[in-house]
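We just call them A, B and C in the order they show up, numbering each chain from 1.
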Amino acid sequence: MLLTCFFLLLCLFTCPATRAGSMELIGAGATFPYPLYSKLFYVYWQQTGTKINYQAIGSGGGQRQLVNMTVDFGCSDAFMSDEALRTAPAEILHVPTCLGAVAVTYNLPGNPQLRFTPDIIADIFLGKVARWNEPRIIAANPGQNLPDQDIAVVHRSEGSGTTFVFTDYLRKVSDAWEKRVGRGKAVNWPVGLGSKGNPGVAGVIKYFPGAIGYVELGYALLNDMPVALIRNKAGRFVRPDPKTTSIAADIPLPEDTRVTLTDTDAPLGYPISSFTWLLVFKDQAYRGRSEAKGKALTGALWWMIHEGQQYAEPLHYAPLSPEARKKAENIIRAMSYYGSPIHP
Amino acid sequence: MRESRLTWRIAKDRGFRGMIIFLALLSMAPLVLIIFYIMRNGLLSLTWNFFVELPRPVGEGGGGISNALVGTGLLVLIAAIPSIPLGVAAGIYLCEYREKKLAYWAALAVDVLQGTPSIVIGIIVYVWVVVSVGSFSALSGGMALGIMMLPMIIKGTEETLMLIPHAMKEAALALGVPYYRTILKVILPAGASGIMTGVLISIGRVAGETAPLLFTAFGNAFMNLNVLKPVNALPMLIYNYATSPYPEWHRLAWGASCVLVGFVLTLNLSVRIMTRRWKVQF
Amino acid sequence: MEALFTPERIRSRKLSVKGREVVFQKTVFLSALFIVVLLLGIFLSLIVYSYPSLNTFGASFLFGRVWNPVRGTFGVLPFLVGTLATSFLALAISLPFSLAIAIFIGEYSREGWLSSILKQVTELLAGVPSIIYGFWALFVLVPVIRKMEIGVGVFPYGVGIFSASLILSVMIIPYTASMGREVIALVPSDIKEAAYSLGATRQEVITKVVLPYARSGIMAGILLALGRALGETMAVTMVIGNSNLLPKGLFSPSNTMASVIANEFTEATARLYLSALVEVGLILFLVTMIINIIGKYIIKRIRVGG
């Protein structure tokens, strides 16, 4: 019996050696781009044989696991703060991969197309507006039959880049929000239910009459859920879709692309849009990583910002603008292995 | 008057008995309902493809749970290999050296460990293994499950060994068999089915655990046999898919639940049969 | 059987019998020691990793009602309330059922087809994984509770303390039931017969003689069930509503100590945030440990004393 145990153990531990063949990368982070990434990594695996295992545990998780060096790349729709970058063990780069819109979705009988002004949204999530047939909502939606029903707010239960983008928008358009709640990946929500991940929030709203929440656009559309038109800075009621998202990004970008796009000045742009970034360490020679791994990572990133962009629009994400792509290319080129660039 | 008092008491007696039977029967309802719903929603998903295919990306139909099945098997194997010998050895100590001080503290530790919430064990294995090794892995997930299996195996072994009549041990010793051989070759085999029961129960318990895997095994969209890499598991798959808004994923989750519940029920029934056989022995 | 101690065999052995004896004894000793060391290690790690939070907040952590990762203020009161509310409510709901099972199997019908079915069902209930309970509760129980809440006039969340307590109560039925059955069956027949001979009905014997006699065992079963309820994670996480605010009422969404860890652990980026979560784990560990020790102590006294 001892002999069989020994053989089993032997087999288990020689497994790593025999599996030197296929390259595997591990990534963790936002649920925001998960539908796109799961498609991209599946296609990439079919084309190149490289397995990229991505787990959508939330943007906060992505940042944390990268800093802990337990994953090859993190993914976040909230860029890391200056302080977080300062305290990280090594320099971290943000590679923008696509753009997405945070849509406000809801569950009402008949799926009416609603319009919201910024102050209405802020007050709903602050708990100040509690019923669907409140005068302000009716005023913004003439002709709609709004029920006399409680509004059930749904938000994220864990640290989320989607929350970061949404609260960033709210604090720009509402002083009360800035004072009471502020911006963050996980905030002290005044009202509402929490659910895990974009899928969790969409899941709750879909089956819960009277609910309202914020999700990445794709999650709402893939589930036939209505999305609200939101009045942007220029006064237009804009629908979230890849075009209006791209327009919102049509602003000058810093070299490291760490910028929020909410409450955009662009007159036709959707006011709650955001980049989503892949976070990697600048120098890939940490913790004994092989050069091959660094190459695999830069290769995958390069593919994602070029060939991978074609998969964005069908899934309701916006591809990178030419300028954003150029900046992304520069950032990938800055990645090095022991100082020498990997992808020149 | 005495008669009416008596009638009342008899009525109370009947009523009480009725209520007890009613409540007892009602408490079976949840189990029946759970099995019913799982079967109804999940049985249809159990196609051949379901068992051999990998999960597909969001929005595409089809796909299966093959990586989760393999992952659960791998995790249980990694958990069982160290835990069974360790657990049996500790159980032997608790039985044979009952009077020693260490036995008292070890027994206490086993009780506390058994009652420790699985999420706390997940935290511990995360800080001990995942952070220091630098990666999520099937190994860390297996370790977390192994820690959870230990108390059940230890208790099962201890209680089994305590039930074996002293006469057996004394007879072997009287024949000149050394003490260690008595335990290993006489007592242990006699209690084998009882110990096996403890092992099977612990496997059943641990195969369905999700919480400790959240921070250790991490999950994997692909098939993985490498113990140093993350791996998917049935309970994790069910959790992720159940909380998503996609109906195809819900369907997969029901099917996976079918498999998991079927596995646990089968395990329980086999334990029952083994116990019956074992109990007859003495 | 071949002789063990012929001279040739003794000479040819690599390790003498005495040596093997020592190896065996050392192995079992070390295994038992390992368990103690493991537990101490768990306890120490929890303290070490929650130290930043312990240091920053001290005792105010226990009473702090604000859990705000943005501002860095953490207090465990909302989760303490959520945990205690769900656990005790679950106990209250499950008690009539588990006692009924215990009384039926222990007193009315020790053998018999119905009681063996009940025994089997109770064991199966204990064996169903908690994720399955959570999944089923999310899709079957929650819509029903939602309709009920509309009928009662409460906000139709569907999820919340009540839903979590309901599914939790199903999960803990087996613990009180099996412990209760054991002690009820152990009640000596002579005191029961004495009561019968005085003219008591079955019901009176059960309520006035058996149950009081078995009181401490039932108490132990309740404590074990409580210990289980306090630490339960997955099923609760899926139906409790995940709100970090202090719950206002029975139907409010809430969070328990276990579910907040499950939700937020992988994403806690700041050191203080992470250590606050570990401290929640530490508190959970201590609470369940105390409850379990008390429960096991009572059981030991019953089993030995009789």
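What we mean here is this: a contact is a pair of C-beta atoms (placed from the backbone, for glycine too) under 8 Å apart; a residue touches a chain by one contact, two chains touch by 3 or more.
All values reported here derive from a predicted model rather than from experimental measurement.
Counting only chains that touch, the fewest steps needed to get from subunit A to subunit C is 1. By number of C-beta pairs in contact, the leading pair of chains is B-C.
Using mean Cα coordinates as chain centres, the one most removed from subunit B is A.
Inter-chain spacing, taken between the CA centroids of subunit A and subunit B, is 37 Å. One inter-chain figure worth recording: subunit B and subunit C are separated by 15 Å, centre to centre, where each centre is the mean of the chain's CA atoms.
In subunit B, the residues that reach two or more other chains under the touch definition are 243.
Multi-chain contact residues of subunit A (touching two or more other chains): 28, 195-196. Among the residues of subunit C, those in touch with two or more other chains are 266. In the complex of the two chains, the subunit C residues touching subunit A come out as 66-71, 143, 146, 155-159, 241-245, 253, 255, 263-264, 266-269.
Note for the complex: subunit B touches subunit A at residues 56-59, 77-78, 81, 85, 130-131, 134-136, 218-222, 224-230, 243-246. By the touch criterion stated above, subunit A contacts subunit B in their complex at residues 5, 8-9, 12-13, 15-16, 19, 24, 26, 28, 34-35, 38-39, 41-42, 45, 51, 53-55, 68-71, 195-197, 199-200, 202-203, 206, 219, 222-223, 287, 315.
Touching subunit B in their complex are the following residues of subunit C: 4-5, 17, 20-21, 23-25, 27-36, 38-39, 41-42, 45-46, 49, 96-98, 100-101, 103-104, 108, 117-118, 120-125, 127-136, 138-140, 170, 173, 177, 201-204, 206-207, 227-228, 230-234, 238, 258, 261-262, 265-266, 277-278, 281, 284-285, 288-289, 291-293, 296. By the touch rule above, subunit B contacts subunit C in their complex via residues 9-10, 12-13, 15-17, 19-24, 26-28, 30-31, 33-34, 37-38, 86-87, 89-90, 92-94, 96-97, 102-103, 105-106, 108-124, 126-128, 147, 150, 154, 176-180, 183-184, 204-205, 207-211, 214-215, 235, 238-239, 242-243, 250, 253, 257, 260-261, 264-265, 267-268, 272.
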